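My structure is below; once you've seen it, I'll send some questions.
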Amino acid sequence: MSEFLHMGGYAVFVWPAYVAVMGVVVILGIQSWRSQKTLTAEAARLKQTMGEEEQH
Amino acid sequence: MMHRFANPTRFVRLADRMLPWLFIVTLGSFAVGLYMALITSPPDYQQGDSVRIMYVHAPSAWMGLFGYMVLAGASFASLVWRHPLADAAAKASAPIGAAFTGLALLTGSLWGQPMWGTWWVWDARLTSMLVLFFLYLGYMALWSAIEDRQKASKAAAILALVGAINVPIIKFSVDWWNTLHQPASIMRQGGPSMDSAMLWPLGIMFVAFNAYYAMVLMWRIKAELAARKIETLRYNQAARQEGPAARQEGPAARQEGQAVLEEGS
Amino acid sequence: MAFFALIGREVRLAWRQGNSSAMAVTFFLVAVTLFPLGIGPELSVLARISAGVIWVAALLSALLTLDRLFQQDFEDGSLDLLALAPMPMELIVLAKSIAHWLTTGLPLVVAAPLLAVLLNMDSGGLGILMLSLAIGTPALSLTGAIGAALTVTVRRGGVLMPLLILPLYVPTLIFGVGAVDAVLNNIVAGPNLLYLGALSLVALALAPFAAAAAIRLALE
Amino acid sequence: MEAHKLTLQGRGLACVRSGRPVFSGLDFSLHSGQALVLRGPNGSGKSTLLRLVAGLLVPAAGSILWSDASIAEDPDEYRANIHYLGHQTGLKTALTVAENIAFWAQLYGVEAAVEESCARLGLARIADLPVKYLSQGQQRRTALARLVAMPLPLWLLDEPNVGLDDFSNKVLQDLMAEHLASGGMIMAATHTELGIAHAAVLNLPGGSMQNSGAR
């Protein structure tokens, strides 16, 4: 296992590259997912309350 | 065909159907791709294990450029065909493309360091990517600088089209500038000459990156559409609360206004 | 006739209002003198980087006066009147770009040899330096007009404008400096100048339409 | 000015500004020698409607007809017939009064009666003074001088009497009366009395028209 981590002496280059890429991929993914979830919910809620106000 | 997606609600329904599949494909191809890239694929006879960075560098570089193409295409559709969803897609695509361009620069420098002995070399590809990164920053800065959303989307679309026309010119002039000052760079991009054990992981990583891009783009478009819906509802709320003069005409104006908005968008 | 009337007004305004040409040339002079102070007085080093330094300084000087291209007219209402004039907005943008080139681009071309001497550039390079600047600066004014038009409604547009436009200046910079360096290393400079000319023509063809669209948008 | 009947109509005009409907389903009509005054609270779209009619703004719905032809067909021809006077004067403060007026005449390619228009507006003595030295009232009168120097049928005035002293106000009223008498048309947005005899009134945002009666 440690030989694998060693990456033939290039560990200090290979691992940061992968961590950076996969890190950004995950963070960007979660941020986008969460923003669409909350915004869509809020839009629905606002539309709903606006609808109620109009009735009475 | 163009207007099949035009209606925001229809797009959202379609996106919600595709998103679970995209998620599975992305997750699966990343898992397999990473496994092959890091474990099963052979080290390069010259660069040793540092060649593994290529499996994330090449797809990132491609996504950066592809993101800009989507950006320019969406801007063209929004400006020329007045496609109502296109500017949401353009605005959603920019951050993803910028992120991947930044990652391509980072991984490019990490990959080149063992060979060049320094963290940054003005290699033709890296330099072009750096300029592309600035084009992205300019695009996003313009969006945030203009308050009125309609004006911001059209101004950004103009900038994206002007940028798109200049990308090949910049690429050509940087390549020309590079050959003038430096012999051809030794960072092999890895053409078909690479043995198949390397081609497979690269191919799978490409699939993973593209599927991921489509998924996140759809999420961000949904977020943008929801944000616009909220903005319009807030405006209507304000319009309704206006002074007594508008009150008796208020609801009537809002109904007509609403009708106009539906037919207009 | 009206086209030249607009150019005439713009040039007259530039001369009377805070003389933008003098400002651009002064900035050009100051920017170039910073380099020896930063890099050191080593003449052979300065000679080698002279072409690049002068071109970069010229590019920044042109950019300096560009964000005022439409801003004043937008603020005092004459941009509305220009939009309603019988002349198409594309021609109005072209006239303003030409006026900017006359008041900023041309003075830079004239001042460049003096600064080349300052940087100990070989005297053989002075002619090509002026020629390359003369061919290249129109592209700076035209492309800059797009940036000025896009940021006319933005309050602190002056900060945003360089970020939008400088990446588009890269090709002109590369071929401009390339032409001068070619002559200094006694290689033929023809191809560079041709590319430079092509870039200015592309800017001529593209910029008025993009900038006019941005102006119409800003007036809405 | 040709005496024949010129008409300006708006049909089902609607305008949306940054997501907010400003007005919709708006109709109006104007013929030679007539004035239309736009009244309404702030933000009701008076200036927006004027910019729409000037062609600076594209309507979300509806169309504008100039002598029964939509202005979208030949915008240049339509624009050559209108004067637009916005909130700002559109004058260059570094240029003199005469230079400002002469420039616009050159741009429109017409011979302009610069001296007469300056005299008419009481600016004769300061015609060669840069505009930056002029008072607010004098600057508004210089902007009006441009309309007098190059006679055009349709005047679109956005609160023309704001910041005018009594003398300038009187001059404005005479000019407007003269313009209407010679078969011209005026569409003006205002909060206060413009003093145009039997001008039609358009109340925004509702868009209801009331004809005649001094406004």
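Brief remarks on what is shown
To keep things simple, chains are lettered A, B, C and D as they appear, and every chain counts its residues starting from 1.
Simple rule for what comes next: a contact is a pair of C-beta atoms (placed from the backbone, for glycine too) under 8 Å apart; a residue touches a chain by one contact, two chains touch by 3 or more.
The shown structure was predicted, so the numbers you read here are calculated from the model rather than taken from an experiment.
Fewest steps needed to get from chain A to chain D, stepping only to touching chains, is 2. Per-pair counts of C-beta contacts peak for the chains A-B.
With chains reduced to the mean position of their C-alpha atoms, the one farthest from chain A is D.
If you average the Cα atoms of chain A and of chain C, the two centres end up 43 Å apart.
Look at where the CA atoms of chain A average out and do the same for chain B: the two points lie 15 Å apart.
If you average the CA atoms of chain B and of chain C, the two centres end up 31 Å from each other. Spacing of chain C relative to chain D, judged by their CA centroids, is 38 angstrom. Chain D has no residue in contact with two or more other chains.
Touching of two or more other chains is recorded for residues 220 of chain C. Among the residues of chain B, those touching two or more other chains are numbered 151.
Every pair of chains in contact is given here: A-B, B-C, B-D, C-D. On chain B, the positions that touch chain C within their shared complex are 79, 131, 134-135, 137-138, 141-142, 145-146, 151, 154-155, 158-159, 161-163, 165-166, 169-170, 172-174, 176-177, 180.
Note for the complex: chain B touches chain D at residues 147-151, 228, 231-232, 235, 238-239, 243, 245-246, 249, 253-254, 256-261, 263-264.
Of all residues in chain A, only 4, 7-10, 13-14, 16-18, 20-22, 24-25, 28-29, 32-33, 35-36, 39-40, 42-43, 46-47, 50 touch chain B in the complex they form. On the chain C side of its complex with chain B, the touching residues are 146, 150-151, 153-154, 157, 160, 163-164, 166-168, 170-171, 174-175, 178, 195, 199, 202, 206, 210, 213-214, 217-218, 220. Taken in their complex, chain C has these residues touching chain D: 1-2, 5-6, 9, 12-13, 16-17, 75-78, 80-88, 219-220.
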